[in-house]
Amino acid sequence: MINTIFLYALAGVGLFSLGLYALIVHAHLLRKILAINIMGSGVFLVLVSLADRTQGIAPDPVPHAMVITGIVVAVSATALALTLMLRVRSETGQAELLEEPPK
Amino acid sequence: MNWAFWLPLLIVLSSLLAALVIFILPEEKTKTRIGLNIGAALLKIVLVAIMLWGVHSGYQFETRLPLLPGLELVLRADTLAMLFVALSAGLWLLTTVYAIGYLEDSPHRSRFFGFFGLCVTATVGVALAGNLITFLLFYELLTLATYPLIIHRGTEAARKAGRTYLIYTLAGGALLLIGTVWLYTLTGTLEFTARGFLSTLDSMHHPALIIIFVLLITGLGVKAALFPLHGWLPQAMVAPAPVSALLHAVAVVKAGAFGIIRVIYDVFGIEFSASLGVTLPLAIVASVTIIYASVRALFQDDLKRRLAFSTVSQVSYITLGVAIVGPLATIGGIVHLVHQGVMKITLFFCAGNLAETLGIHKVSEMSGVGRRMPWTMAAFTIGAFGMIGAPPLAGFISKWYLGLGALQAGQDWVIFVLAGSTLLNAAYFLPILYAAWFGKSTGSWPNERNIGRYETSLALLIPPVITAILAVLLGLLASVPFSPLEWTRLITSLEYTP
Amino acid sequence: MNDILWNLLLLSVPGLPLLLAFPPLHSRLPWFRYLAVTPAIIVALMSMTYSIELSWLLFGIGLGIDGQAQLLLGVSALLWIAVATLFSRKTSNSKAVNNLISSLFMLTMAGSFGAILATDLVGFFVFSTLMGYGFYGLLIAGDDLHHQTRRAARIYLVAMIIADVMLFEVLLITALVTENMSFAMAHQGIAQSDYLTLYLWLVVFGFALKAGIWPLHFWLIAVYRHLGSAMAILLCGVPVIIALLGMLRWLPLGETSSITTGVTLQGIGLIGLLYTCFLIFFEWLKNRSFTMITVYTMLLASGLFIIAIGTGLTDATTWIRYENSVYYFIALLSLALAILLALTIRLQQHHTTTTATQVDDNTAMWFERWPATAVAWAGNIGSHTLPEWRSGWLAKVNHLGLLVCVWKRSLAANERNLQGWTVAITLFLTLAAIITLLLIFH
Amino acid sequence: MNLIFDTHWVMMLILLPLFGAVACFLWSRQAVTLGLITAVSVLLSVIALTLQVLEQGTLRYAVGGWGAPLGIDLYVDGLSLLMLIVTAVVGVAISVYSSAYFKPGKAKHYWPLWMFLWAALNSLFLSADIFNLYVTLELMGLAAVALVALSGSASALAAAMRYLLISLLGSLFYLMGVALLYHAYGTVDIALLAQQVESSPAVWAAIGLMVTGLLLKIALFPLHFWLPAAHSSAPAPVSALLSALVVKASFYILLRLWLDVFPEANLALSYLLGLLGASAIIWGGIQALYQTRLKLLIAYSTVMQIGYLFLAFPLASIIGWKAVFYLLLSHAIAKTAMFMAAGNILFYGGHDQIADLDRVAQRLPITLTAFGLAGISLMGLPPSGGFIAKWLLLEAIILSGQWWWAIILIAGGLLTGAYVFKVIGFAFTQAEVPHEPRMVPKRMEWVTLTVAVLAIMLGFMAPQLLALMDLGAPFGETMS
């Protein structure tokens, strides 16, 4: 019997993988940042869905607390990433990472 | 104050502290530096003399500091240690005096004398080490302290020599480390004990012990310049003369040889080593080194290079003496530690004098130099004859006991090695003497300078003369109490089961 | 009190020359050469048997005087005075060279006196080595030196070093069997040990090399060809006589018999005698060089000496009877030869010496040429009779020979003409072969 | 005395730098002074905490009195205490160094970030649950990225960006693992997990995710690609911080999890880690040898030294763990000194090309000495912390019978020797100074030397430090 909650979890893992794929494949920094965010959402989805470990009883509150914390972290990380991206673009003229090693 | 605890530590610290102060001394404070150098050297000699007397009267001097759980930093004054300590303390003073004269007006003296002091500290530490880990510690310190001395000149050749030196010695040190740790895991102790501490080990471990022996001896053999690990030594002669003198006579090469003595006698135990069957191969390696290096020395035109190959050859006498299982050979090997030191330092001092005063670096430039610098060349002559083993010089005593020991142990082949070495030594030393005394002088030298009132400055002249006299006295007065020979007899009596 | 005086006197016999070897001392003293001989003469004149033991010196060295030593000391002192007189006439222009020659002179003198007085093996060895090196120095010191003399001196040096190496082995063997190295104790010890034959042969070989006895006489002849009178007298009076003395002292004569060794020695002595006779005959026919004939006379005498030693070894009791006469023999021999040499050299100097240059070419000895000879020999049998590939192989050997030459040339950097090392190697190989054989038999 | 034993130093360690960060931010003109005061007070707190722990044993502190599973627990045992100590020591040294290094314009950004990083590090070491570890890891990462970007050059920004992405990626992997573990056992507390965890597919998946995420952050070969750029383009004090502490923090988490949470018998994984470590040693060493810039050389040296840390995994013995932990400590100190020395050289000559060092090296003897001493510790030559670590590691290797690691260990030591002396060799060549140099403030040189001497002194503190490590028996019960 496929539990709906388990389905959510699977979706979470799917998001995670999708994000990982995008992170590796795309060169543009904005896409990479978005990919990271999608991965994060995937993880949060897994966390929330798996909170319902014990059938019937009210879901465990702890994972929710975790997810909220995680979102806070993710927001600040994204903010930092976006600032950095803008700085990189203003310094190098493009929002991509050059592959060659530093001079 | 507990003298038994503090004295070994003080002996090590006397040069260490001096070195550290010298490091931070500004370059132009020549007087202070000289005072510090000489003062520390004298202090060390006094301390060593006290300890020598103490050891002879049966006092136990021992410093123990915790290093690792179950392992301690041990400085202990046993008879063998005292022999080496006395040698290095004595020759340090002379070399310091010499170096002060030699490096007059040259740059980076603070750095030089700082590392010089460190080098002696490490040597004394090697001598006093009471267990293998302490030995290892100072042994590696010695590598580090001598490297800057070798590349002191900063030329490309010096850098190259330094690099070679490091490759050899660091690799050797690594092998030594593995051997030591392995030994520790087998026995749980590394304490030097007369007649060794391994004979009680289960015979199941004997193959492992043989491998450990090879590891340790290879590691030490690098510094002792055993063939084929000697490659660094002839290159290292680019260093300034006092450094070469110290390197060849006291510090690096001797530390290796001393380590071999320690490992064979106080870790494995000579009788146990013989029963493992490892001494004969070692003796053969030493013999090959003796002959090979002598032959190589024949072909060197650079004086210091020739002396360097001579060192390779002569130091292996020590190893040979140790590897021939028998008390008399042991005496020969150990006493050569001192004798070779005194003779070789004389030779290097003289080579330095020639280079510094006349700009002579090659044997072929030495024709007639005896008339220009008679005192220097007289000292050189004594050193050279000592190396050949002419009686009654110090080298004769060593050869005597080595030969006798070989015969006593039934290893007659060693006689041929000794005879061959004598001939070869004569072959590469006598032409030098011949050229110096009887050759026609061309009248002009490559780079002559007038230093001082005498043939060269007194600081350069006195040390070789003193060591030359010592080389004569060590031979003539070999049987006098407290002579190295008598002291060595005392050491040997402890190493063999009666 | 008297003892102290005697000790001092005895010590000063080798000690005073040794002290006077220091340039600062002898350059300030007048007549120092004669001064150095004085203690020796005093001791030689006082007839007394006395000995001292210097236990603190080396492994313990003994000096002593008895009838035999007195005789030799006296003769040798006389020779030294004669040589000193000859020497002081010819002096170099350079002060440094003079100082050097004087020092070497003193060292040689100290060595010879010490060896005569020594009552133990080590002492004898020490002093005779000192004398040997000193003498080598004297041979080559001086401003204008014939290059052949230089070469001859080098051969002497090599012979001496090899002899010393052998005698060193003798010392080791002795030390192995006895604690006390004095002659008497050593003889006792060695007579009872298994090493007796080895000991005898090493001693005989070592000293025969030093004394230039047939068939080890090659260096002696080479050296003599180009010596001045002073050095010639010194050579026969000091190194040769000391070597003969060494044989007398070191061999356990009169205490033990070794028939085979003795007989073999007698045989060798006899052949040597015959050979020398031939030499003298041819020399007389060819060159009429008085010096060389004198030298050959010396060979003759040493041949006789070897026969005597052989006889002594065959029969101990006979030896005891004529022991003293052997000492007289060598003492007189040295005196007679010295006088003879002095005279002949004087004579020769009045005549023009035209022959010398012709003889020079022969001074390279056969074994010095052995690598080249071997290759030539192989070439002869190879290239004529064998197929191509063999000669190719020979070319390689030849190449090797060339390499040897390169080696030689590289040695020349040290000293122009170092062919002496071929001698060294050959001799060493011979020595090795002999010792190996002896060890096998032993 | 009561003051020491009753105060909650654990909280102080987190709050002090946090307040420091805020203060530096608010009063940016006095940032240097405020930062230094904070640094010293953190150091004092750590000392106090050490005394407290020595007196009372391991410490568990529930923040706000809530307690697990809902509240946050802080836990101090030998492992975390030593990490705190080394952080404090390095932190003070870096603070002193930075006080002279940065120009005022940069300093106002630097100090708050650095204090913030310190707070994150301290709370990371004190965390007793795996989720809290995630949060602190993330905080530390963000602060570190900002510090890397501080110099503002294009390469620094690019390196920072890459570092940020990697860091976030690693954290997310880790968080996924946390989620799985929580699902399986309903707790994130390490101690509780340790009692319950058994081998199961979910646990294995979690282990895989967490280890991957952490390895990314630790930069173990072959996941080290981001490290040299990030560590070498940052300002010197930041490089020191990253190499000495930030990388080590991730390793600390891995160690904690491996020792407490992950079940036994993951033999294959441990061998894999060992193998990667060995490759890192060789690869990092060779790379370092071929670098032409000093800071890159040091950065690759970090890659290499990280490899050593993983040699303990296949050995799985207490002595092995202690060895690598000791290595971690001594590497932290030595690497700090090394980066500081590189900073001095850069400061003085304006470049860090190794081939041109001879002009610079001769004029900075103190710096060069410091570099040499740190190098000795890295090589593992006695007497130094590195030597003790190497000795213990060799002992563990030989006791385990897996002798092939010893070959790697020795080869690594020789490679280290090669690249350290490649630099030091230039100290002795004579060369003229071609241009007007910028004088290095005395403070920077001396603090470098002090840290380097400390790296050597670690060789003489082994008995005490090893005893401290045993507190709470983090590596297992039996005494070695």
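Per-chain residue numbering starts at 1, and chain names A, B, C and D are given in the order in which the chains are listed.
By our rule, a residue touches a chain if its C-beta (ideal position, glycine included) is under 8 Å from a C-beta of that chain, and two chains touch if they have at least 3 such contacts.
What you see is a predicted model, and the numbers here were worked out from it, not measured in a lab.
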item: Chain separated most widely from chain A, comparing mean CA positions; value: C
item: Chain at the geometric heart of the assembly (C-alpha centres); value: B
item: Distance between chain centroids, defined by C-alpha means - chain B, chain D (Å); value: 43
item: Where chain A and chain C are represented by their mean Cα positions, the distance between them in whole Å; value: 100
item: Distance between the centres, which are taken as Cα means, of chain D and chain C, whole angstrom; value: 78
item: Rounded Å distance between chain A and chain B, as computed from the means of their C-alpha atoms; value: 67
item: Chain C residues counted as touching two or more neighbouring chains; value: none
item: Set of chain A residues in contact with two or more other chains; value: none
item: All chain pairs that touch each other; value: A-D, B-C, B-D
item: Of all residues in chain D, those that touch chain B in their complex; value: 365, 369, 376, 379, 381-383, 387-388, 390-392, 394-395, 398-399, 406, 410, 413-414, 417, 421, 425, 428-430, 459-460, 462-463, 466-467, 480
item: Partner chain A, residues of chain D touching it in the complex; value: 69-70, 131, 134-135, 138-139, 141-142, 145-146, 149, 152-155, 157-162, 164-165, 168-169, 172, 175-176, 178-180, 182-183, 186, 188, 228-229, 232-233, 296
item: Contact set on chain A toward chain D in their complex; value: 16, 20, 23, 29, 32-33, 36, 39-40, 43, 46-47, 50, 53, 60-63, 65-66, 69-70, 73, 76-77, 80-81, 84-85, 87-88, 91-92, 97-98, 101-103
item: Chain B - residues contacting chain D, complex; value: 23, 65-69, 111, 133, 136-137, 140-141, 143-144, 147-148, 151-154, 158-159, 162-163, 166, 170-171, 173-175, 177-178, 181-182, 184-185
item: Residues of chain B touching chain C in the complex; value: 298-299, 301, 363-364, 370-371, 374, 385, 389-392, 397, 399-400, 403-404, 407-408, 412, 415-416, 419-420, 422-423, 426-428, 430-432, 434-435, 437-438, 475-480
